[in-house]
Amino acid sequence: MSDTAQLYDQGEYNFAYLDEQTKRMIRRAILKGIAIPGYQVPFASREMPMPYGWGTGGVQVTASILGKDDCLKMIDQGSDDTTNAVSLRGFFEKTAGIRTTFETSEATVIQTRHRIPEKTLTEDQVLVFQVPIPEPLRFLEPRETETRKMHALEDYGLMHVKLYEDIAKNGHIATTYAYPVKVNDRYVMDPSPTPKFDNPKIDEMAALQLYGAGREKRIYAIPPYTKVKSLDFEDYPFEVQKFDKPCALCGAENVYLDEVILDDRGGRMFVCSDSNYCEERRAAGHRGPMAADPAAAQIGATDLQETAR
Amino acid sequence: MPVRLYLNGVSKSFTMHLQGGTVIPVVDKVEFSVNAGECVVLGGPSGAGKSSILKMIYGNYRCETGQILVTIGDDIINVAASEPREVLRLREDTIGYVSQFLRTIPRVSAEEVVAEPLVAQGASEAEAVEKARGLLSRLNVPERLWTLPPATFSGGEQQRVNIARGFIAHYPILLLDEPTASLDAANRAVVVRLVQEKKEQGVAMVGILHDQDVREEIADRIIDVTAFASDEAA
Amino acid sequence: MSVFTSDDPLLQVHNVTRYYGDRIGCADVSFDLWPGEVLAIVGESGSGKTTLLNCLSTRLAPTTGAIEYRMRDGTMRNLYQLTEAERRLLMRTDWGFVHQNAADGLRMTVSAGANVGERLMAVGERHYGNIRSTADDWLGRVEIDSDRIDDDPRSFSGGMRQRLQIARNLVTHPRLVFMDEPTGGLDVSVQARLLDLLRRLVSDLGLSVVIVTHDLAVARLLSHRIMVMRHGNVIEAGLTDQVLDDPREPYTQLLVSSILQV
């Protein structure tokens, strides 16, 4: 094995990869972000040993806030076992030597891409988001100088232009992810590419939310119990996606479901996107309509052993 | 009858900078007054400066020296020294101008063209259009043309539209710049009656009328403009 | 009703001068603009008329001089002492700016309806149905068919784009509109229609307008007053028909005599 990463206490890397000066710089950005909820704080994003788009912003935030006693959960699209989650979890296991978990309630820091866990988070937890494009106005106004001014002056008419276009073209607000929100009645913010299904969870969340964009060099935050409102029109109020069936494996309703292709003959099912939530429900005896299906069972049975590791 | 308009020592010349600064004198020391209800006709050959005098009264030409005094109620205003917006206000409610040529505006119907000055004086759209139709009818403009823009009308029709526009509103002072030129006898008679009506309303008028018959019928006085010829012109 | 009745100027320009390094953009320009008044600034390219327009519309700070504007509450404010937020609010509510190139004044990638509705949304309108019906109404007023409301301006002709730009500016009922060669680059027949439309809107809404044009016919049709600029200076100003029919300055005489007669 050409494993140069070694363990942190063997001196190859500083704890959690980043040097302490960098962490301090990032923590200052985080503190500023918390002080001004929803405001994008520029920071000197570092090169990380992984490509942009893999969550370098989230990784830097996580590296800066981790302590030795923390327990980290790493999720990608709601799942603990997809490539991105596995790689980044492995990264912190090696460079920080901390405990990791699949269980939402056990984690003190949760780094996520595209989802917020179904289980309600608590004041003792921090949720770190990986953000590809932090600027919600970017696709409407390409000039950074101008978007900064628009934020400064609360000049947000353009955001509603986008929603207007959605309704005009589709009959309803068709934005389903990265749905813009107004934080604390002040800054309009992009909640990263989470489905709008998760937007209500952001509002008044007990846990601290930190958002990191590595390539774009921005950090922003929502402190616990902050008002976060999804933008909408009076006659087209904000609505979350509705699923007409429960999870095929655990039978959960009112959760975000992923479509899973079962075979090449059109077989498919909808299951919880939050894999840990689904497993816990099944462990507690909940059964969905396809739980007994062998093809489905194979997909659903993946990780319980690995979690226990 | 009270004096409505008084020109005092009015002089005008043109400096043609494109022709080496040639100065063309027009009129010098023009002096006359017009009473309410009176129609004064300017006489003299072409080029004597009749038209220039009308244009100075209307504020269309500048006046180099002298005063052009207009009485409005108790106020006396000098057109020659007025700010542009004062001149515009005078044109809206005090001085009317009936010219020979209609400056057509695309897509505005004949009756709207005619009604416009009355609307500007505060009349309702309906009232103004009603009065416009009455005038167009008196001036024998065919009814089928009323709702069309006058740009495509014949010269005579355009002229009559413009006469209707000039007579529709009430101005205490009305300037007539050859309103009857090239009109047929019947329409000339209509214009004569319109002028008589204005006189009865106490309007002071200054006109240029080459038509001998019309001139005799409406002129209370004829002022020979050649008397104001500039010395330099001689 | 008469538009010349107000005695309070809307805009007061005091000795506005703008240098570009050592070069003069416009020099020592002063004038007042009253409600409902249309002022044309004419002159050839490089005469300083666009520099002046940009100074007036807060797009370019003058080197010296002051510009005061009567806010909706009646107070006169120096434009260059407004905060950026106040200035932006002014520009998207009480003012309009019609660019020569419609693409500069429109969002080319969003629909006609959203282009018109943007200002409404910017001032807090949050009812989609109301925004849309107001946009539809304005498209009608600038003679764009309702069924084009969801089309991008990219699919519009030059004349339509210009009319859309006008609707987008007028939707908040501004009191002052700046226009930079609004008919430039359009076919003559398209120009005539646009001019007529502008003339009507300006008089119906009682707008004050500062319009920059090199086309004296446009100035004659739309404006009450005219300022002739040359080498950054205002060389002649006055009533539009007086300046055009009885031009005094050599340069103005040259301009007037250069008009092609049709």
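The first chain written gets the first letter, and so on, giving A, B and C; residue counts start at 1 in each chain.
Assume contacts are C-beta pairs under 8 Å (C-beta built on N, C-alpha and C of every residue); 3 or more make two chains touch, one makes a residue touch a chain.
Not measured: the values here are computed from a predicted model.
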Arrangement of touching chains [line / ring / star / complete / other]: line
Relative to chain C, chain with the most remote C-alpha centre: A
Centrality ranking, top chain (CA atoms only): C
Between chain C and chain B, distance of the C-alpha-averaged centres to the nearest whole Å: 32
Distance from chain C to chain A - Cα centre to Cα centre, in angstrom: 48
Distance from the mean Cα position of chain B to that of chain A, given in whole angstrom: 79
Contacts with 2+ other chains: residues of chain B: none
Touching residues (chain side chain A, partner chain C) in the complex: 140, 149, 152-158, 160-162, 164-165, 167-169, 232-236
Residue ranges of chain B touching chain C (in the complex, touch as defined): 14-18, 55, 59-62, 84-85, 87-89, 92-93, 105-108, 120-122
Of chain C, residues touching chain B in the complex: 1-2, 4-5, 34, 37, 192-193, 195-196, 199, 221, 224-225, 238-239, 241-242, 245-246, 248-250, 253-254, 257
Chain A contact footprint on chain C (complex, rising order): 84-85, 88, 92, 107, 110-111, 113-114, 117-119, 121-123, 126-129, 131-132, 149-150
